[in-house]
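Both of the next two complexes hold chain A, though its partner changes from chain B to chain C.
Let's look at the complex of A and B:
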């Protein structure tokens, strides 16, 4: 009987396991192996070595690209959270419950359009003859259009627009799980609204903030398209440098090593935030 | 509780890992799958090409006439193409479009199949682009010239003085600050900057790179954008910039109908001349059909469609290409002999210099 149940368990988990092995584990092994090859004389030398990792550790240009990535992503996470939290708070506590689903749906609607289209749309909005500059010039607020597109500001702005929805949803889910009677009890005992927020609501909603920040971090740090289209290639982030190696040199080994560095960074951030990576309220 | 937490955590980490892994594996993976476009099927031809060969207007006549489907995979840069070929199975690809300057090393590597000179009418080709010393190895033909053009400067003639643009040094003039986009193909752009310093492309050595880097840094400070063909074209078309460094007829000709002010010029110091060739892969199991495709591409009809491809325009290698007078004007057909005389063939450095140039380029654009 026990043997049969175990067999049934393998049958049930088998398809998912096979898909995971075929589409995740096997490609990861290939990426790791590729990172140990090296590009030499226009061809791939399949002798295993740590040359690519030594270069990653010693090349100041790669360090600069990594630092650019971290700065851009940190700004994105900070601004996404600062915008998402008040919005999620208003939806969770100020909007009547029957409208909340509709409001959340409306926040997601813009994301039904293609990611690339949205990036190019931002480029057109921020361009010198784009909507913002032309409006400001026509209203006489500025004499000449100023540069917004093809800058770090543009990259962060686009990232925040793309990912603020992620944080909004996770923070909203977290806020909705906080029992209202906790706040009412605190108020009954003389706590001010600010004190209730700082000592009850905010601490209990931290898991939603952390999950949103983590997902934003993951999505932004591996993104190549937005910095390329909106940022104008004026300061490269690590995924752009990775693509440069692939598209101009065909250096897949170095690109694989860079991808694994990004993966290690994500794993490190995960390790730091793992304690809070849950949307369930802690008891 | 812990189980739920673990599940959410693992899902998040797995998603992250998969996204990042796809970052590195994306190009390689798609190369393999493209190769899997069933080379066994008798009426399919797989071609590894620059994007100008992906235009249906170019492919359709050959496909209809021969009852064949041409599967195309576009790439930029020979290094990438060689990477794609490395990751493919022998026989996955039949036709290879490659920079002419790379034909010798590709042929020496045994990647290209020999072609019969009798299959092509070389009298129809411009003599300047025939270059048998490049397209032949030990007297055997390996690729046929098909298209050429220039990496020089493209600009908006409504806002930039064409006469000033004839001096390459004008690119560093404060008048153009913030109005420049730089095409992100480092080899021709660095060679172009080298011309401003009086260094001809074939004479560039590692010792010249510090001077080129310094000048490139100054140019980058002048620029609003560093981007690929499409993004620099977009920037010029939308008025975000007025000049594309490294651009040329391939940047502006396709936009000419919408905005005739978008133009290109060869400065007095010269420009870089790029040239493409087309050949058949040695491992192809469809040598005859592939050769037929090459013959079509260099025929007058194929050349006209290729020269005016929706991806980018360029001069056809065949002087009998069936272009209209208007198309010839846009391509500056009558000025080609002067342009050729005042331009330098796109020079591919050896692997060490190539890597050193990419390092310089990366340092400059990382910021």
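Let's look at the complex of A and C:
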């Protein structure tokens, strides 16, 4: 009986295990192996070595790209959270219940378009003769159009545009779980609205903030499309450098090592924030 | 004071919607531009670019490829998700416990992933 139940378990889990092994574990093992190969004389030398990791540790171009990535993502996380929190707060507490779903839907709808299309549309808006510059010039606010496209500002703006939506949803979910009675009881006992926010609402909504920030970090640090289309090639981030290794140099081993560095960074951030990575209210 | 705060809240909501919708709205509006550059001033409305798009067989081919890739990858990702999610699904009575214990449980809001595993 026990034997039969164990077999039933394997049959149930088997397909999932196969898919996980084939689509997740096997490619990861290949990336790790490839990162230990070398590019030599235009060919891939399959002798295992740490050459790529030594290059990662010593090459200043790679260091700069990694630093650019971290700066861009840090700015994105900070601004996305700062913009999304008040918005989620207003939707959760100020917008009438029957309109909340509609407001959230309107927030999400633009993101049903392709990622490439959205990035390209930012280029139209930020170009020297784009909507923003032309509007500011015609209103007399600025005399000459200024450069916004193909800068770090453009990359961060396009990232923030997308991740405000992600953070809004996670923070909103967190805020909605806070019982209203807590705030009402605090007000009844003489607490000011600011005190209720700082001592009840904000601490209890931190899990939503952390989940939003974590998703923003994970998705932004590995993103290639937005920095490439909106940010241009002036300030390379690590995924752009990784793609250069693949498309121009054909150096798959070094690209694999870079990919693993990105993975390790994400794993480290997960480890740091894991305690708060839940939208369940702490009991 | 309450009225001012409420007004400011709505102004903030409108600003956020402006920020969120501006790029896509610009793209849609300037797709009807009559001249070559998709930048102000607006010279349309014109269906010139849509006519050019649908008259170009390579564009149609690319559009068809996109649709095929979207449908096929959508089908296989759904299939893959179902067979991977099924063993993780738990009866309602143990759902809370499993969510707390699952290290990935908090990465997505529970309400988003609940339909996968919550069977009445």
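Heads up, the rule we're going with is that the second predicted complex is superposed on the first by the 280 of 283 C-alpha atoms of A that agree within 3 Å, B and C clash if a C-alpha of one lies under 4 Å from a C-alpha of the other, contacts with A are read in each partner's own complex, and residues count from 1 in each chain.
We adopt the following convention: a contact is a pair of C-beta atoms (placed from the backbone, for glycine too) under 8 Å apart; a residue touches a chain by one contact, two chains touch by 3 or more.
Treat the numbers as computed from the prediction; the structure is a model and nothing was measured.
Colleague: Let me test your reading of the model: by the given contact rule, A:124 touches which partner, first (chain B), second (chain C), both or neither?
Modeller: Both chain B and chain C are touched by A:124.
Colleague: Return first, second, both or neither, reflecting whether A:242 touches chain B, chain C, both chains, or no partner chain.
Modeller: A:242 contacts chain B only, not chain C.
Colleague: Which of the two, chain B or chain C, is in touch with more residues of chain A?
Modeller: If we count touched residues of chain A for both partners, the winner is B.
Colleague: Quick check for you: in the superposed arrangement, does A:274 touch first (chain B), second (chain C), both or neither?
Modeller: both
Colleague: Have a look at where A:77 lands relative to chain B and chain C in the superposition and call it first, second, both or neither.
Modeller: neither
Colleague: Between chain B (first) and chain C (second), which, if any, makes contact with A:150: first, second, both or neither?
Modeller: Only chain B; A:150 stays clear of chain C.
Colleague: Check the residue A:262 against both partner chains and state whether it touches chain B (first), chain C (second), both, or neither.
Modeller: After superposing on A, A:262 lies in contact with chain B but is clear of chain C.
Colleague: May I ask you to decide whether A:214 touches chain B, chain C, both, or neither, giving the answer as first, second, both or neither?
Modeller: A:214: touches chain B and chain C.
Colleague: With the two complexes superposed on chain A, say which partner A:65 touches: chain B (first), chain C (second), both, or neither.
Modeller: first
Colleague: Go through chain A and flag every residue that touches chain B in one model and chain C in the other.
Modeller: Looking at chain A, the two contact sets intersect at 23, 120, 124, 127, 129, 211, 214-215, 274, 277-280.
Colleague: Can you check the complex and tell me which residues of chain A touch chain B?
Modeller: Listed in rising order, the residues of chain A that touch chain B are 23-24, 27-28, 30-31, 34-35, 40-44, 61, 64-65, 68, 120, 123-124, 127-129, 147, 149-150, 211, 214-215, 218-219, 222, 224, 228-229, 232-236, 239, 241-242, 244, 246-252, 255-256, 258-260, 262-263, 266-267, 270, 274, 277-280, 283.
Colleague: Can you tell me which positions in chain A touch chain C when the two form their complex?
Modeller: Going through chain A, the ones touching chain C are 12-13, 15-16, 19-20, 23, 83, 86-87, 90-91, 94-95, 103, 106-107, 110, 113, 117-118, 120-122, 124-125, 127, 129-131, 134-135, 161, 164-165, 169-170, 173, 207, 211, 214-215, 274, 277-280.
Colleague: Quick check: in the complex, which residue numbers of chain B touch chain A?
Modeller: My answer: residues 1, 4-5, 8-9, 12-25, 27-29, 76-77, 79-84, 86-87, 105, 178, 184-186, 220, 223-227, 231, 234-235, 238-240, 351, 354-355, 358-359, 362-363, 365-367.
Colleague: What part of chain C is in contact with chain A in the complex they form?
Modeller: Within the complex, chain C touches chain A at residues 6, 9, 12-13, 16-17, 19-24, 26-27, 30, 37-41, 80, 83-88, 99-100, 103, 105-107, 109-111.
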